[in-house]
Structure formats: C-alpha cells, structure tokens
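Following are the structures in question.
Shared between the two complexes below is chain A, which pairs with chain B and chain C, respectively.
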Partner chain A sequence: MKLDRRFLLRGTCQGALAVMGLPFLDCFLDNKGQALAATGKRIPTRFNTFFYGLGLTKSLWVPKGAGRNYETTEQLKPLEAFKQKMNVFSGSRVMIDDNPNFQHWSGVGASATGMSPSKNGQFDSKTIDQTIADVISRGARFKSIAAACAGDPKQSYSSLGGPNNLPAEASPLSLYTRLFGSGFQDPSRTDWKPNPEIMLQQSVLSVVAEDRKRVTQRLGASDQARLDQYFTSVRESEQQIAAELKRPDIEAKVEIPTAPEEMTVNSALPNMRKVLPLMARLGALALATDQTRVFNLSISEPGSQMFVPGDPLGYHQSTHEEPLDPVLAYQPRVARYNVYSMELFAAFLKELDAIQEGDGTLLDHSLVYGFTDVAFAKIHALDGIPVLIAGSASGRMKTGHHIVGEGSPVSRVGLTVQKAMGLSVDSWGGGSMETKSPYTELMA
Partner chain B sequence: MILQKHLLAFSSATAILACLSQPAASAPWVRGFVVGTYEPAFRYGGRTGYARAGEIEPGSDCIHGNTIHFSNSEQIRRALSFQPWRSPEEIKIVSTLPGLEQAKTPDQARFMIWDRAMSYRGWRHGIETYINPFAAQDPGQPEVVSRIGDGFNLDGKIGAHDFVSPDGEKGIDNALYRAWGCDAPWRGNGNATLDMRSNDKMQEGLYTMVIRISGNQDPMNDKDATLEIGYSPDKIVKDARGIVTTDFSYRIAKTAQYTKMKARVANGVVETEQVAELHAPRIAWFYDHAGDAEFHQGRIRLAIDADGNAKGVIGGYRSWRDIYAQNTFAQDGGQQGVREHEDGVALYYALRRNADGMRDSKTGQNMGISTAYRITAAAAYVVDASKPAEITALAPEEKRREAYLRIVNNMKKATTTRIVQDVTPGTSEGAYPNMERDITGLPIADYLLKTLDRPHFDDPPGPQASK
Partner chain C sequence: MRKGISVAILTAGILAGVGQLPAMAAGGEVVSMRRLTEQEYRNSIGDIFGKDIVVQGVFEPGKRIGGLIEASAAILSVTPVGFDSYSKMADSIAVQATSEKARDRLISCKPGSASQPDDACAAQTFNHYGRMLFRRPLTSDELQSRVKLAANMTKASGSFYTGLRYGLASLLQSSNFLFRVEVAVPRDNGYTLDAYSRAARLSYLFWNTTPDAELLKAAQTNALDTSAGIATQVDRLMASPRLDTGMRAFFSDMLQLDNFDNVSKDSLLYPKWSVQLAAAAREETLRTAITLALHENGDMRELMTTPKTYINRNLAAIYGVPFDFDADWVPLTFTPQQGRSGIVTQISMLSMFSHPGRSSPTERGVALMDIFLCEPTPTPPANVDFSAVNNTDGPLKTVRERLMAHATNPACASCHTHSDPIGLSLEGFDTIGRPRSTENGKLIDVSATIQGKSFVGAQGLGRFLHDNPKYPACVARKLYSYAKGVDSEDVKAREFKAATKAFGDSGYRMRSLLKDMTQSDEFFHAEPPLAAAKTTKLASQ
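Showing the complex of A and B:
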C-alpha cells in the first residue's frame, strides 16, 4: 500500500460508503520538509483572499509603531495569535483619478486590481487572485474557488475583468458539493480511468475550437475582445479537463468530511459565526488536497449588511447613522462590528493554520490577502484603506511587520504579494496607482 | 504630471517669488491658494473641548443640541401621523416594522421602508414629498438662537435678527445659519458628517477650488488688489499624512465658476468688494450635484497667516431653492432623512421662512437667503491655463447628473407654481425600486407594497443605484 497525500481511508457505515482522507503527513514529504516525497515537487504555495466590508476604525486598528515590534491594537486583538504570521499595512491610499468615487466599490476595485474602477460593480481588469491563479493553478482541479459566508453568490471579488465576475459558492453545502461532490474522481483507485463525460466535453470543445478563427474574423474589435475573453475561459476549461483526464502525478489523498447539512446562511452574525468556520475548513481542505490553489472567502458585500439580531441599525446603517462619540472620537457601535469582522478573519486563519504540512502549516505555505472597501466608512473615505496579509508564502515573505504606507498607493501591497507568490512582475496597477515599488523590506 | 505643472509654473512664479522674498511697496505680487476645507459657517457656543461621554455640549446657539430626525420608531410614527389619510394600522406597521428580523438584511429593509414612507408625506396619497415639500406639513426645525455668527453685513443694515461677528461687527447676514445651523450633519467641531464627507470628496478629487490674489503694492497692505476665485481642473495634492500640500501648482479655469473681484489688503487680511454675482464651486460630495454656487452681493474675506496659508469666509445671498436642492437631492430626500437624520421638509420651510434677499419685484418674495461658508486654503501656485480648461467631465456619471438636474427642475417648478410634480426617472428618489428589492422575505412585504406610495415613471426607470 502506497501512502501519499491523496490516499483515502474507506469503509462502510450503515451500508453507505464512507471515505476519509488523511491530513498532510510528514511521510508525504522528503527529508527537506519542503518537497513532496512521492514526486519531488515542492509543496505548492497557495493564495487566498479575505474580503470584509466597511473597513476598520483608524484610531483603533492602526498600530502606533512601525516595523516588527509594533503594539497590537484593540481591533487587531482577535488576530493576535497570528501576529507573527501577518503583516499589517496602514496609510495606503486609493487614487481615483478621473473616475467617480463609487461608494463602497472604488476601494474594492483598487485593492483587487491596482486601479480605480471606471464602472460601478465591475473590475477594470483581472483581479489579483486570478492573475496569481494563472501562474500557480496549473494542474489543480479548480483554477480558483470563491465562497461567500453571507449567502450571496454575488459577494465574490474574483473576476476576469469587466462584467465577468466569478460567482461564489453561497453555502457550506454548495461549496462541499463543488469541491467533493459530483465530478470528483478518486485517483487512488487502481481501476482509475478517464471519466467518459469529461472525454465527451473535451471532444465538444475541440469542435468549437476549430471554428474559433473563422468566427473571430467576422467580428468587430469589441466583440473580438469579448470572444477572446470567452475563449480564454474555454482554454482554461480545456486545461482543467486535461488535468482531469490525466491521472494526477500526485495520487489523491484528499480528506473528505461528511457533507454539511443545509443551514441558514445570511448576514446575521450568529449564523456567520457558524458558517464561516465550515466554509473556511472546506476551503482549507481543498487547498491542502490540491483541489485548488486559490481560495477566496468573503463575509459581506461592500457596505456590509452584517447585523446582530436585535440591533435596529446593523453594520452599514450604523456607519452612517451613529454619531462620532465626542469623547472617544469614533463610532462605538461601528467599532464593535469592525472587531466582529476581524474575529471572522481570525477564524479563517485558524483553519488554515490548523493543517500541518511538513515543517509548517497550510497558512505558512499560503498568502492571505485581506482587503476591504473603505477606510472610514461614515464618509466613504479611501485614504488609509486597511490591508492585512497573513502567511509567509512558504517563507518568501517576511512576517510580523507593520508597514506604514505614508500615502502610497494600495497597489504597492498587491505588487508585493505577487512577487512573494513568485510571479515575474515588475509593475502592477493602473493610472496614478501604477507602481513598480513593492515593499522590498518584506521580501525574504 | 505634477512635476510638469511645477515646471510650467516655475518660470512665471520665479519673478513673483523674487518679489515676495523682498516685499517692497509698489511691486507686483501674487499669492495663490488651493481650498482644503469648505463648509457652512455653522456652530458657535459650545465650549472648546468640552464633552460628556457620548454627548456634545448643546452650546448656546442650539440649546437643545443637534436636531435629529427619523432616528427611531417614535419619530417615524410622529412623522406619519401628520398625514390624515394614513390608517392607524399603517402608521403602526410602518413605524414598528413587525417581523423585520426575517428580512435578509433587516437594517437595509428598515432603511428603505422608512425612506419610502418619509418620501410620501403630502396632503393626499401619491405626492412625493421632496419634490413637492410645500404639500407636506412643516415638521418644524429649531433655529439658532445665538447672536454670534460668521459672515458679512450684506445689506448694509443692522437688523434685529442679524448676527454679531466674533470680532464684534454688527449686522451680519447669515440667515442660512439661523435656519439650518442646528442640523446635525453640518454642525460640529470639524466632525460633522457632511462637512467631513464633502471635504474628503473635494480633497479626493471631486472638484478643486483655487484663489489668486495679486496687487502692485505690499502683499500685506494693498488698497488696489485683485482676487480671483474659480475651479481648477487639477486635483488637490495631499502629503503622506493626507493633508493638503502647500506650494503645488494649479491652473485656474475661467468657467462659469470663475469670478474676479477688487480687494483691499490690510495687515494681511484680504477683503473683497461686494459684487453682484460671485461664482464659485459649490459644496458637493457627489459628482452629479457638483457645480456652480451663485452668490449674489457676494464677498470674500481671507486672513493670510505667516506660513502663507489662509482661512476665511465666502458669503452672499444664494437661491434658497438651490440650497434646498443641493442638500436634499445629493442622495435622495428619504435617504438624507433616514440616514443623515435631517428632514428636507423642515429645511424647505426653514429656508423659506428665513429667506432675506434677492427679492422678486413681481411677487415680493425673497428668492435668496444670506449665507456664509468657511474656507481654509493652502498656499499654492495658481496659474493661468495655457489653453481653456473646463470642469472635468466624468462620463459614467453624466446620466446621474442629468437625472439630478431633472429632479431639481421639477422641484423648482413645483415650489414656484404649487402644482404637484412627479418624480423623474434616473434617481433613487422615493427609494424606488430599491425598497421592493430589499423587503424580500419580510412578512409585511405584501402589505407595504399595497399600502405605500411609490414613484411611477412614464418611461422605464434608469439607473437607480442608491448612493
């Protein structure tokens, strides 16, 4: 019996097949602790995003000191356990240039693409997760996976650009089904062979591909661009199918939990506290078992509608309606919601950090890009928009730092992230936010 | 880009700088400024730095503190009870919203329902309130009771209701402060919501206002100076701390928002002449309602400090309907009400009641209200544009601007003719169709859809995104 990371434990329970994978064991690794024993390949570095709406309260989240030995602030306290595995970026700025300030959207677009959006609700280019997925996701079953803890598939900040946002899985069950339901093939079976349905899909796409050139020649420039984007998706599907038709180099040893039950998924904080750990766990398992290498998790729309039952205002309304306390100089109710967001972020990181891989954890072999829509929600301010990064990208990013941006474009963080993820990129962003200056002090 | 502008300005500024470095009588001089904050000259009375937990000292100008409208069920119930056509059941359901927690996003549902309900407070069904405020009962707006206020003596008289300036000048005309100075979003010590918001958006690039003062004598004392004020197509430059940076170059555009005035400088304080029409950018926090503020009998006063920065007041009579529109339709009337806690109907009556200028000779009505706005400005190089510069147009927002202008026109027509006007498409006025979207799942959804009024468009609605 060969033990590797795709090995599955099997048995029957009340007549039904039960399957359970193994956690990532050291025996899967070679003696260097960084490469897979079975194949000699390094543990892949994964990329994650975490989106939360409505920012944080400046006076409560920005650490006073810069560099490594900064003091944890009140709103970062839920993340204290991960302080040495994180970087905190304050003082980042979003320049909107000649675009409107789309309330609650300009900050999202700028953080995710490095340029201010020209249309509300759309990204002007591919989002950072997709740019990274283009490079790191080859060979994985899914190029990327998005999940929305508040139950709305539109709460995905992953896009191929323009109107092509990639919808999120909106419940733990749908996420489970996508990852481990129909279409999942157990590559450790001795009688493994390509799925006939997948083969049929491949042949259909091949026929379509033959007509591409002829059709494209008849179209105008804008339609050609749109069709090209479409065929890019087709090509990615082909690559995914090709990956599924080929027995993986690394035999699947996925850990498959039992399917979660149907549950209420909405913006109520108690429900989110139940849903997020489940979704985060499924995402972490998908990463750990190489189903995908890019996982995007959101807890809200921009302008978060999170609410605590019984609170007549909820989060977003509180940002507008709650006055600034003249003594505290901030909005106390809003500040509590800020902390709830950070607690949910910590719950996500906890799941990533709970999976051991060689000499570290899944979080150590990941980067998590935590971003939001505004700096000061009451007035939709963009100056000082918070960015939080967790994980070291398998040691390629130094952690434990507070970086003071001093008005730098938020795109500097994104460029730093891409470099840490191993992308060959010299600049990122557009307009006034185009930058060639990563935070080199973080590059290991 | 900025560097290029700097270089462009350098040659013309060099000579000026040379003059400024050795101030001497009878020498040409120029000083420029970019406006960093711009807000109504509201609030006096509260002791500086005094506050109890969670409460600002009311201050002697607004003895009951800020006015807060539509912040809870009781205030909504009271507002609904002014309409005799509403049944007790409707008033109770709309104000208490039973089963609200069953909505997917309860706070959004509550906001939209109250926005819709507050948008229909006319004397009969179907009259949209904010376009037709005259058709709703005056809910009342406490006025400023203090005698101290910033501004100018615009009419040259000392009236019983005039303010006294902090410097002791009598006859100050700032009826806008009297009418609206207790309104929470504009009242505070630099922390009023809409002051912060509009200044943030201005500094972010929504619009740029510049001032240039020039003369031929001493910059600190010049009896024959000139002050120009206008819009700049260049965005405000901020430093790493987010503070407006000094000494950058800005072009001044000679558009409809440009005015050139004679001025006198005495001990560093610049006082302009009073001009029939003073044009300048108006306070805005969205593109659609940015534009020209027309000050009639307008004046400007600026005090220049040792660092070359300035602070002062711009004032004059403004159309009170323009002020009403600028405040009410920045978002939509109901949203300003439920979200910012100000009541557009109260504003309408307060402005009309306190209107004190721009008398219409035919009707005898005052079409304007005296105003004063505080500004702070950073030293800058204000240069003429090498080619005519216009206000930067944002194509994605033009439809919204057109919709804003349509709704303002309808409001003006309604309030001057007293003939009820409809909601125009393309805005979120009346929370339509946003309320319909956000009450899904609510047990009272069907009741609300049958009971509450809503806008009815002749054409399919345009973009309705709530701002």
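Showing the complex of A and C:
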C-alpha cells in the first residue's frame, strides 16, 4: 500500500483541526506514538541512558533562570550545541527513608528505579530502561544493550531487580561483535532472505525452554526465582531469533563499519576519549538499524575512578581529598573532572544526532536519560542530584527547559520520561519518592 | 516401518539404563544452584570434550560476597545477555565436537547412515555427554526430547552429525549444566546432599571441574554415602596433580586476584606498569601459595613471612633484582634487607589495593583485614569531610600524618584504628610495589600498633599475621564457605571447628585442612528451604 502524506496526517493526528495545533513532528506519529519516515516506514522512539559517576559542582552547573531561555552554565557548556534538544533538572531530592545512605549507590538506585535501594550495589526493582524496554522493544532483536566505556562489564546500571545487573559490553570490539556479528540482518541489503541455520537454532531453544516442564526437583523460593530468570532469558533469546528471521522493517541510511581493533579500555581519560565515540557510534547504528531500541552507556563506576595521567589522586580521591578553594568555594580539580564527564556526554549525543532519519535525527527520535550517583561527591550528598535529559522522544517531550525541582523527588523526572516514552503509567517509585506528578509542562 | 520399530526398541533399551534418579528420591530438595564460574565452565568443557575445543565467549561477572566470588554463584542467575553468550558458546562447542576431525574420538557409535536419523546412536551419545554435563544421569524425558530434536534436525539438514550437534548444544545451554544443582535428601534427623551432588561438590573443590567417570560411578553405586567411600575418593582426588587446579581457583578467589582484571595504573607516573606485569604478579602469588600449600606441604602461616617467591623478567624489574635466566620463571629468595614478607608484600597485593597514582594504606588495610583475618571494615559514614586531612600541600606531608588526623574524629577513629595500621606498615612500597623510603620528601614511618601489638614495617606485619590465630581460622572459614558456596560471614564457627583444630594440630598443613573438612558430616549437611519453612510453620501452629 502506498501512503501519501495527507493520509498520514489524518491517520495519525485524527483530523485537520488537531493537526493545526500540534508541533510539526507530532503529525508524523502513528496511533502508537511511533514516528514515520516519509516513505511510511516506522521510526521507533528509542531510549538511552548515560551514566557518569560523582555528579557535578552545584555552583557551576545549575542554571540561574528557570524554564526556557535559561543561561548556559560553565559545566553545561560542553552540551551547549544540544541546549534546544535537552532538559536540565536541578533541585531534585533523593529520600532514603529507613535505608542507609549507601555511598555512591543510593543516588544511582533512586535515579534508576525511583526508590532508595535497601542493599548496597543492588537495585530493588527493575531499572527504568528495562521498564521502558518491556513496552517499546517488542520486535527489536535485542531488548536492550549496555556498554561500559571504562572497560568493566559490571559498570552497568541496567537490571531486572535483585543481584543480577545486565552485564555491559566492555570494549568497542565486543560491542560490535554482539550487534553486528553473527545474526545481524542489514536492513539496507536488497537481497535479504532468512538464514536457514537460524531456524534450526530456534528448535534448539524450544527444547531448552521446554526443560522448564521437566524440572522434577522441588526448589525454594529464591532458587525458583533464579530458575525463572534463566527461562525468561531463554525466552528473550527466542524472540531475538524470531527478529533475526524477519526482514528488517526499517529504513536506515547508514553504513555499518568494519570491526574496530582491540584497544586499551580503562579509566584513563585519554583512552575514554577514544573509546566513547566508538561505542556511542556503534550504539547509534544499532538503534538506527533497529537491532535494539534501548541503549545504555556508562563511563564509570559510581565513585568514578577516571583519572588524568599524571594526577596521583584521580577523580574519586580528588572529590574527598581536594580542599574547597577558599576564594572559589568549590574544588577546582574536581570541577575539571565534572566537565570531562559532560564532554563525554556531549560526544554521545553528537553520535545520536549525526544520524538522519525521516525529518529529524536519531536523537530527535530518542530520549537520553543522563544520571549520576551523588549531588556533592565530597560528602556523598544526594539533595540536588543532577538529571539531564536529551532528545524529544519523537516530539512527545518539549525540550530546551531548565526545570527547578525545589526539592521534588528525583522520581518525578523518571515518571515524566516514561510518559514521554508512551508508557501508560500513573505513578513511579517507592517509599517517599513514589510520585504521581510528572512535569506536565514538558509533555507535548 | 519395520526399521522404525527396531529403533524404538533399541532406544527403549538404552532408556531403561537411565534408572531411578537420586534427585527424584522422596523428599529430595534443591538446596543450592551454583552458576558455573568461567574457570569451572572452561575446565568442565576441556575435560568432557578435550582440551583442543576452543571456548570463546563472554561470561557473566560474579560479585564478591563475604570475601568470595564463589558465594555469589549461589545467588546470581543467568541474564539475557549471559544466556545469549552461553547459547552461542554451546553451539560452537557442539560444532567442534561433532566435526569430522573430532567425531571419531568423541562419538563412540556410528550411525546406520550419515544422512539419516539414528535414534540409538543419538541416545547413546546424549546419555554419555548428558551425564557428564549434568553431573547425573539424564531423565528419560530429558533424553527423549534431545533424541527427537536430533532426528528432526537430521531430517532438516540431511546430516546425522548436524542433528547430534543441535542435541548437544541443547544440553550445553541447559540450566542443568550452567548451574550445579545441589540436591539434599532426608537422612537421620536432617538433610544431606545426595550422592551425585556430593560427587560434584568434591570434584569442583579439588579439581575445579566436572566429576570424572570414577566419581560418577562412586555416586551411582552409592559409595559416596559412606565415610569409607568418601575417604577413598578424597584420597584419590588429593593425590592427583590436578589438585593444583582446584586450589589455584580457591586461592585466586580468597586472595581476590580477579581484581587485577580492572586495575589500571597511571602510565605517566608508573610507566613500568603493564598488562603483562599484572598477569605475572597474579601468577607469582598463585605459584607461591600452591608451592607452599601443596608441593612443600608447608605451614600455611609462612605465606605471611616467607622470603621465597617466583619471578619472571617483568617482576624482576619492579623488585629491583637482576634477571639473567633462560627460564621464564625462576625461584627467588629475598634478603632480609629487602624488607619483603610473604605474599603480603608481593606486587599483586600491594598494587591491587591502591589507587592508580598513589598507594592507599586504607585500601590495603581494609583488604588485608578482610582477606586474612575475616574482619571486614564497616563503610565510613557518608558525610565526612576529608579535605582537611588530605591536603598534601598543607603541613601534613605523609599519608600517616593525614590519616592520624582522622583519629581526632571519633566516628572515623573506630574504623581507622582497625584497618589503617596494617596499611601504614606497608607504606615502604609504592602503588606498584616498588620499595621507597620517603613520601613528598619526608621519611616514611612504618611502625604500627594494632589490637595492642606493636610492630614495624612489612616484616613486622607479616609476623603479626603469622602469629595471629585469627589468620588460620580465616583460611578455614574461607575454604569451607568456598566449598559450600555460602557467605563466609553467615557461617557458624562450629560448622568447621573440627577441621580448624585438625589444621592446627597438623602444623597448619593445607592438605590436612582439606581432608578433615571434606570428611566431616557438616560438609555435606544442608538446610533445605522448603523443609525449613515447613518446620517453622508446624512449630508456630
């Protein structure tokens, strides 16, 4: 069926009157909130997270004015090119209730799950990317992909809840192999046909999945849950294979590069500056070719071990050991490390924004949730924990704003994000941070 | 048609040999599911299919709980990312095992036709490998599903061996292989591991691999249900050189050597640091521990004090000794003047628990207290301002001076007096383990007082640990927890009390500890969660 533009307008915006009042991009949403390319092919809305440790320096990052037209601050300067495609959230609070303040962890848990963690190093519930993936990833090859720019697979803040975090790809090569190695279906190929070997793999998986019925032993609750998790993983593999057997239903004008070389991947800043753009580019290509719709990129552990060669303290030690400058009233060395984190964030956004699709870029058809572990690393303070969001979720979220939280729970940002991603959710978070109030001023 | 019937009869005959599973014995219950570690997986595949099988893939990381990664194996599951990798590895191993090159060696029967299903040969193959992979016989249902899969895949591909490949791959990615499922059965007044679970626990402890044919046979014939039968197997396992593999895995975990995977050092300040050096430092520590514990049957306390070690060219450069040997590795005995003391002053321990550009007495102290004395340090209070005590441009030049300033704050002092003295006594070595005598131009003071005992420098620390009864008790606690896959902080001392005593009576020989521990009733004792819940419920009624 050939679709003309007029049909699309009516079909998606339900009548000309409605069309008039909506931003241009919105007209190209179908009734499920998916954007459409000019050819009528679907452009899914993607979700990304960007994690960086140790927060920012309050006096240097929080903009003075609220709403649109705020003035860019020193620490947000690396992101200036994306100012109109971003929202900045200051003044958010983390309420830990009766849980301890797990240094460098409580803030991660609160930002990623909307509730304060009860165990160190563990999320009490599914993280936001997985909640969103449950809804938006159907049909994509991978439900989500995580990558760790400092080379440690444990630096993943994506979890199904409990002790298991979803391990991250820890080098550009392993990320490449997972995405574009065996099983990759290039949507730009014209001679596409299903790979018969993949069909046989499907039969193997169904035998493995059926083993669930063959479990004869009695299990306690926690082992039962672990076994259920295993079989859920098997199921996800089956879905992955089903996706590999379908002709990719997406128009992607991108070229998949050859595999990157082996390289040193660690916490030294010069290496991170080489690795991050590569990983970001691979992630962007995976999103553009619909290998996944959820991409999580981290640059560090929560107490970031990033270091500039020659600095014996490094980032984390500096936050605790560098005195406040008596004149500036902040830690100058720490402030520089803060900016390095923002530069790496900008490098990620640049790769997303470089891919054109439909009438916008991949970044326009995405949301990127940028979060961290603390507001003020020196004393592990959580109040005022920064959240930065980029992309407009295919026009569902207004951008260019500075939102002043005034002590609202950080979970309000997460709820806003989920609504913008099209989830039918009325509340999010737990304990004192459970909220029903998204930032409605941002909802398009 | 006739052919179909005869195949069915043959298969039925093989299936009859599967027999009744202990796992299905009345009242049997899963007490632990332990996800294979990377090394356990690799060793198992190597022993089942041969060392030339290439295992390439990413393994899910573990977490350290109570000082041991092995404890997390009983808590973690398989995530989608992990399963994707296991599934690909399974297929790759199955492809190699059924390849033309390998099939004569690995597949003991020949199909009637290479292009037709042969259920009897498929069943024979799956029975054999299923038993090795699952560490118990397959149930008839598990077997039949694979035989059917292989037949279908043979028909689809026109090759019997392709059918086998997919059947094997399905076994290799089964939860029954990826997890060591430990099953307990009621015995006397409690629960104890069934025979196949016993075989696996012994095998992974002593050899870090899947049970061999003899252990499986001992399980099948119920020999592992008697102390004499266990003793026979323990003696056999301990007499083998493969005990080195098992104990390397234990020491690697206990000494936290996996941390090396993520240690980076500042290449400007420490240009001698390299990936090769890190690998060599890890190897040095394992060689030292294994030689003392197994080859010399030495006193394990000497691990804290011995001047003997093994070095290669990379390590010689850091230790400041000449290396003009043809061999890759040579033994070295430090002179007393070099100030070294056992593994405490090896490059591994000194560099793992330090910052990229600076040594950290706190990290070293916290790690050594945890590793050798089983005394974890509580996390510091969140809202501490460290800058006053950490400014190197101020009057406090050395780490000691800066750390001592913590003592003015009672909240800090309680923990810092606990762990810092150990770290301060090691300040004579920098972040990559090279000796030094000054820091920021000031002479380093390496004296320390801990728990009322004063000592000087690394050698004083080594002696303090050597003489501290908590150290051998901690080795026993860690070994017991490692073997059972439990959190060492939850284990009651009485559970391994007899083994600890035997350890001391033997003059702290590792072999005595291993032997006594594995022959105690407690070693196979289990607390099944369902039965425990039932008892609680009955009691409350």
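In this text, the second predicted complex is superposed on the first by the 344 of 444 C-alpha atoms of A that agree within 3 Å, B and C clash if a C-alpha of one lies under 4 Å from a C-alpha of the other, contacts with A are read in each partner's own complex, and residues count from 1 in each chain.
Operating definition for what follows: a contact is a pair of C-beta atoms (placed from the backbone, for glycine too) under 8 Å apart; a residue touches a chain by one contact, two chains touch by 3 or more.
The shown structure was predicted, so the numbers you read here are calculated from the model rather than taken from an experiment.
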| item | value |
| --- | --- |
| Touched partner set for A:Lys119, first chain B, second chain C, both or neither | first |
| Partner chain(s) touched by A:Glu406 [first = chain B, second = chain C, both, neither] | first |
| Contacts of A:Asp426 with chain B and chain C, given as first, second, both or neither | neither |
| First (chain B), second (chain C), both or neither touched by A:Ile379 | both |
| Touching partner for A:Leu160 - first (chain B), second (chain C), both, neither | second |
| Contacts of A:Asp97 with chain B and chain C, given as first, second, both or neither | first |
| Touched partner set for A:Asp325, first chain B, second chain C, both or neither | first |
| Which of chain B and chain C A:Asp223 touches, first, second, both or neither | second |
| Broader residue contact with chain A after superposition on the shared chain, chain B or chain C | C |
| Overlap of chain C and chain B interfaces on chain A (superposed complexes) | 101, 103, 120, 151, 266-267, 305, 307, 309-314, 317, 320-321, 323-324, 378-381 |
| Touch list for chain A against partner chain B, complex | 91, 93, 95-101, 103, 118-120, 151, 266-267, 305, 307, 309-318, 320-321, 323-327, 329, 332, 376, 378-384, 406-407 |
| Contacting residues of chain A [partner chain C, same complex] | 101-103, 120-121, 143, 146, 151-154, 160, 163-167, 169, 174, 178, 182, 200-201, 203-205, 207-208, 210-211, 214, 216-223, 225-227, 229-234, 236-237, 240, 266-268, 305, 307, 309-314, 317, 320-324, 331, 378-381 |
| Sites on chain B touched by chain A in the complex | 51-56, 71-72, 100-101, 104-108, 110-111, 184, 191, 193, 196-197, 200-201, 204-206, 238-242, 287, 339-341, 392, 394, 396-397, 465, 467 |
| Complex contacts: residues of chain C adjacent to chain A | 21, 23-24, 28-33, 58, 60-61, 63, 72, 75-84, 87-88, 91, 139, 141-142, 145-146, 149, 152-153, 156-157, 166, 169-170, 173-176, 178-179, 181, 183, 261-262, 264, 266-269, 355-358, 379-380, 382-388, 390-391, 528-530, 533 |
